[in-house]
Amino acid sequence: MVRVAICGGSGYTGGELLRILSYHPEVTVTAVTSERSAGKKVSDLFPNIHKYSNLVYEKLKTGDILEKAELFFMALPHGKSQEAVDFFFRRGKKVIDLSADYRLKDVATYEEWYKVPHRFQKTLKEAVYGLPEIYRKKISKASLVANPGCYPTGAILGVYPAIKNRLIDVSKIVMDSKSGTSGAGRSSDIAYSYCEVNEGFKAYAVATHRHTPEIEQEISALAHKDIKVNFTPHLASFDRGILTTIYAPLQKRISTKKILDIYKKSYAHEPFTRVLDEGRFPNVKSVRGTNLCEIGLIVNIRTDTLIIVTAIDNLMKGASGQAVHNMNIMMGIDEKTALDTVALFP
Amino acid sequence: MVRVAICGGSGYTGGELLRILSYHPEVTVTAVTSERSAGKKVSDLFPNIHKYSNLVYEKLKTGDILEKAELFFMALPHGKSQEAVDFFFRRGKKVIDLSADYRLKDVATYEEWYKVPHRFQKTLKEAVYGLPEIYRKKISKASLVANPGCYPTGAILGVYPAIKNRLIDVSKIVMDSKSGTSGAGRSSDIAYSYCEVNEGFKAYAVATHRHTPEIEQEISALAHKDIKVNFTPHLASFDRGILTTIYAPLQKRISTKKILDIYKKSYAHEPFTRVLDEGRFPNVKSVRGTNLCEIGLIVNIRTDTLIIVTAIDNLMKGASGQAVHNMNIMMGIDEKTALDTVALFP
Amino acid sequence: MVRVAICGGSGYTGGELLRILSYHPEVTVTAVTSERSAGKKVSDLFPNIHKYSNLVYEKLKTGDILEKAELFFMALPHGKSQEAVDFFFRRGKKVIDLSADYRLKDVATYEEWYKVPHRFQKTLKEAVYGLPEIYRKKISKASLVANPGCYPTGAILGVYPAIKNRLIDVSKIVMDSKSGTSGAGRSSDIAYSYCEVNEGFKAYAVATHRHTPEIEQEISALAHKDIKVNFTPHLASFDRGILTTIYAPLQKRISTKKILDIYKKSYAHEPFTRVLDEGRFPNVKSVRGTNLCEIGLIVNIRTDTLIIVTAIDNLMKGASGQAVHNMNIMMGIDEKTALDTVALFP
Amino acid sequence: MVRVAICGGSGYTGGELLRILSYHPEVTVTAVTSERSAGKKVSDLFPNIHKYSNLVYEKLKTGDILEKAELFFMALPHGKSQEAVDFFFRRGKKVIDLSADYRLKDVATYEEWYKVPHRFQKTLKEAVYGLPEIYRKKISKASLVANPGCYPTGAILGVYPAIKNRLIDVSKIVMDSKSGTSGAGRSSDIAYSYCEVNEGFKAYAVATHRHTPEIEQEISALAHKDIKVNFTPHLASFDRGILTTIYAPLQKRISTKKILDIYKKSYAHEPFTRVLDEGRFPNVKSVRGTNLCEIGLIVNIRTDTLIIVTAIDNLMKGASGQAVHNMNIMMGIDEKTALDTVALFP
């Protein structure tokens, strides 16, 4: 039985970790922290999670919980995760960081986009980017995994086989993403109150969203050259899910069928990434509550552009599900454990 | 008092025409047709519309209603509108066609995308594309106006000033649109039933949507060259609204501020097209129930791309509101009559 | 032109007052106050309201705005309205108070349910309860109108003809209400954030809601005896609207048809209260954005119970629309001015 | 491994059975029927259900599938289920009927409310009403279980301990239910299309809903006398869930705390029925995707009325989840198998 702790367990990603882990036969959650909810029980914040309903939130004191767990999920805000991650990592613990603090390899880029200094660059060098489809082997040996952002997960998986197989002109990629409101976190901001969001739809952080450099880092690495993308997130009036529509000019004419074959081969052994048959495109509703990334694509022969659409659940494959997937890989547990769910429909 | 008839008045666009016209002091609706609802009263289908609640639907017999009206709104399905439009037009009536039948100037293009022959090409030549921001003068003299499609309205208004001022590379435009479900019409298709749509989001008709050639026709005319665009519609779980996010590479570097100035000048005298201040982007909720098209934009200086976001209400500016706007122009009525509404919020 | 001021103009009811009054040809809003938004423009909070977009919020200083208006709409929180209402009233101004402060005639009841003392009992005696269907004549002569609560409006109008005509046993009335989330105000409380409310439905304040004594006061007055009711509010995942389902045992057997006749006669001259035909029941969607109260009813002959269903828009007939209706009556303006709207559908 | 067949597997309850059973380690689905979808694969209708994605729908020919299964789930429309149920039952199969055909013990009542004759009254006598909390022992020995209706499940569980303990006056019970739209089935009726339902809320079948006699049958049996109830269903704009608010006059004064103790004791050993602590009331969102019935209650001391609120997922505890629960009991399988899920939140 693996003992795990969750640092920052009162938000939606923390709650989702508790929910997933309550299904996990080889894991027990021994501690959960929250600054503002310390002293409350898990059931006060998440009445749905019965298995851990009596677990009590405590303030994060790294020394106090060090011995309570072998593996730490860090679901703290960006900037606040750095130090605690470093603390546990240097004391030999396994750490999965759901914040952005250890995702960007280039410190200057991190500091430019997140407006805080990175004070643990030595530890940063040890972090593995936790996208199993690309880095599975490294993850299996890693002690520190930087869990990908929600938008980057769907965006990168959408273009990975196309870039690896040099199908597209990587200099002109457009990524247009639509996210459910849980992506904004469990927030008291009026902008995310029901009546402001409901029946609305808008773009936000246009040309300036912090997930942009993360996407660029990973696809630049795949392409072996420096890539900039146009990435626009949108806020949509549903709870969960991210749909990303990607436009990339083809390097040379090739049929939809051939590209689908390449994609299906690329992801043939992946438990959570599914390439849909020709003519089918994903819906966020079909992956809700699952760790799946579903991918549909078509060649627009009128413009010689590859159009790819991916769907994930932002709290699952886009956050906590992927984190548990990474844990399973790190601990040598069957990858699908606790994650082999069927989406509710409707 | 202008007497108008609505052919095809049982769907959402027909109902919206009735709703708008019930506010219009200079118009009276004298007839409304519906094949499947003939014999029913307007109040049976639209209990909200009190002014015309006792008006009774009749089957469309063009000869029978010819003398009932001076102006005909045609809200029939594509392909079914052709003949009736021609009938009224050739008998000297004013006609505003909300179907696609008279929008595409090139008959071959129409037949390729709509899979039906066009049998009234002489009349087609007389049709004016009813986008007042571009064709106001022609509309004011026209007897036949082809009311624009919902997606093309927001898409064309989004790029019009940029193309006219040669700011962008027109060969690489991406248009990513998100529409509320009323765009699918008042439909009994299970795909549009509540539980299939709610909490979902998906792309559809990817690379194949029929509004593509309409957008291309209009922006090709503006650019004086043949343009193909990548246009992807998405189905969103709200009632009304279309948000279109447009990506176009800049011809040369220019600031967001300068482009905003150009846009504001372009639309300075337009009653229904509003360019938002720098840093602001529209939300479909803010234009719901209005005839407004709101536009926000930014230059992505990392990619030298102009990103434009437009929002309309698909049933208003995207259909019936624009049709009434065209009627006002055609009849010499103040343009804002019956259309000067404030969006409900929330 | 009547000059009006809105005290507390940054919430949903304040915004709704601004929206309605922007349609009003005989009124001009000269001042609007907000403690937390002082210095901001109306357009910063309500980008939809173009007519008053440049009006600037100021802090409420009663002396400073006294001369700016002849009539004051008070949309302040309960308890905070008392003093300002008294101030304007005693200086000869007309006041419409949308808070609960002047609704309850019995001071002890007010203090028990609202947990604050009432310090202006002399002024309280002058207040008229602003339900035009019952108190129109008094309202027309009043200087201080206590605008009814949202739940009481739909509840009282639902039983008014039945009680007046002694059809029901008033000692056993059940009122089960379902409200859209805008009823909670423009709130930063996490409980009203999008993801908490969406796809949810719950009862709240069961047996303890503050609108209970207000309903009881009014129906006790109608029945000439002391009545207690079972009233349960529910929070529903839509923006606007309250549906109230009322159960009342019949005094003696009578047909649905006869009761409908009585109801239709009762409300025959009311511009905003509509009794639906037999077999029809209202939907909150059909009254959204209107000042209507729609009423459907049936006798359950198996239990000899009258079941009445009413629907209103909580921000319109349930708050700001009714306030403007009261203003029209107080100022001798045609009652339907600025309120004669048709619900958006869909 | 128990072999089961699903007759009527293309609707929401059929899909939900497939979804639940895909988690069940001791069951395999060997056949699934659908008249309109015969020849299609499960994945064509339910892309979410991967385990049975290649199972092909066949038309229901009772003789052909008789030997394919030991247990038959019947999810056919009311009236159409009768004959097939009788066929399988008389040939020694176990049958769980999700239709209403074998719920009402009194044939005249069935025929009055469902407007069809009951032609299998001998078999009807053998049917056990499948509410485990009341009939567990009978279910464990039954060959034919009539699975309860969605509304009756939440309604009966809400009053069961109160009636059994003679706390309430059973002659004056009001049950006000609010259901998500999946309760209407996978329907092509325009009335259930997205734009008609969204942002709406209404009562329907007021005083005439077919679940009324089912509720009355069961609570009459508990009370040992003939009871009529006021039951009103409402259609709400969410996918899943039923909230039922129940009002019942107390026989004599008793505290909320004491009643809660009685309820908690009543359901102490139930795996799926949870009584909430004082001051808490359920939300349909908290039980979505689970087989739980959550119950909150309070005594309104001002009216001496017990107010009870119950929440279930109409497709789970209200249909397919309860059916699998019944199967587990009938087959001697641990009751929680395949049903021990945690609600998604948000």
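We call the chains A, B, C and D, going by the order they appear; numbering starts again at 1 in every chain.
In this section, a residue touches a chain if its C-beta (ideal position, glycine included) is under 8 Å from a C-beta of that chain, and two chains touch if they have at least 3 such contacts.
Being a predicted model, the structure only gives us computed values, none of them experimental.
Taking the mean of C-alpha positions as each chain's centre, the chain lying farthest from the centre of chain B is D. With centres taken as mean Cα positions, chain D sits 37 Å from chain A.
Between chain B and chain D, the centres computed from C-alpha atoms are 46 Å apart. If you average the CA atoms of chain C and of chain D, the two centres end up 38 Å from each other. Residue positions of chain C touching 2 or more other chains, listed in rising order: 12, 182, 195-196, 198-199, 237-240, 286, 288, 346. Chain contacts here are complete: no pair of chains fails to touch. By the touch criterion given at the top, residues 12, 15, 19, 22-23, 46-51, 182, 199, 239-240, 286, 288-290, 342-346 of chain B touch chain C in their complex.
Against chain D, the residues of chain B that register as touching in their complex are 12, 181-182, 186-190, 192-199, 237-239. Residue ranges on chain D touching chain C, taken from their complex, read 172, 174, 176, 178, 195-196, 198-204, 206-207, 212, 228-230, 232, 234, 236-241, 243, 245, 247, 249, 281-286, 288, 296, 298-303, 305, 307, 309, 311, 346.
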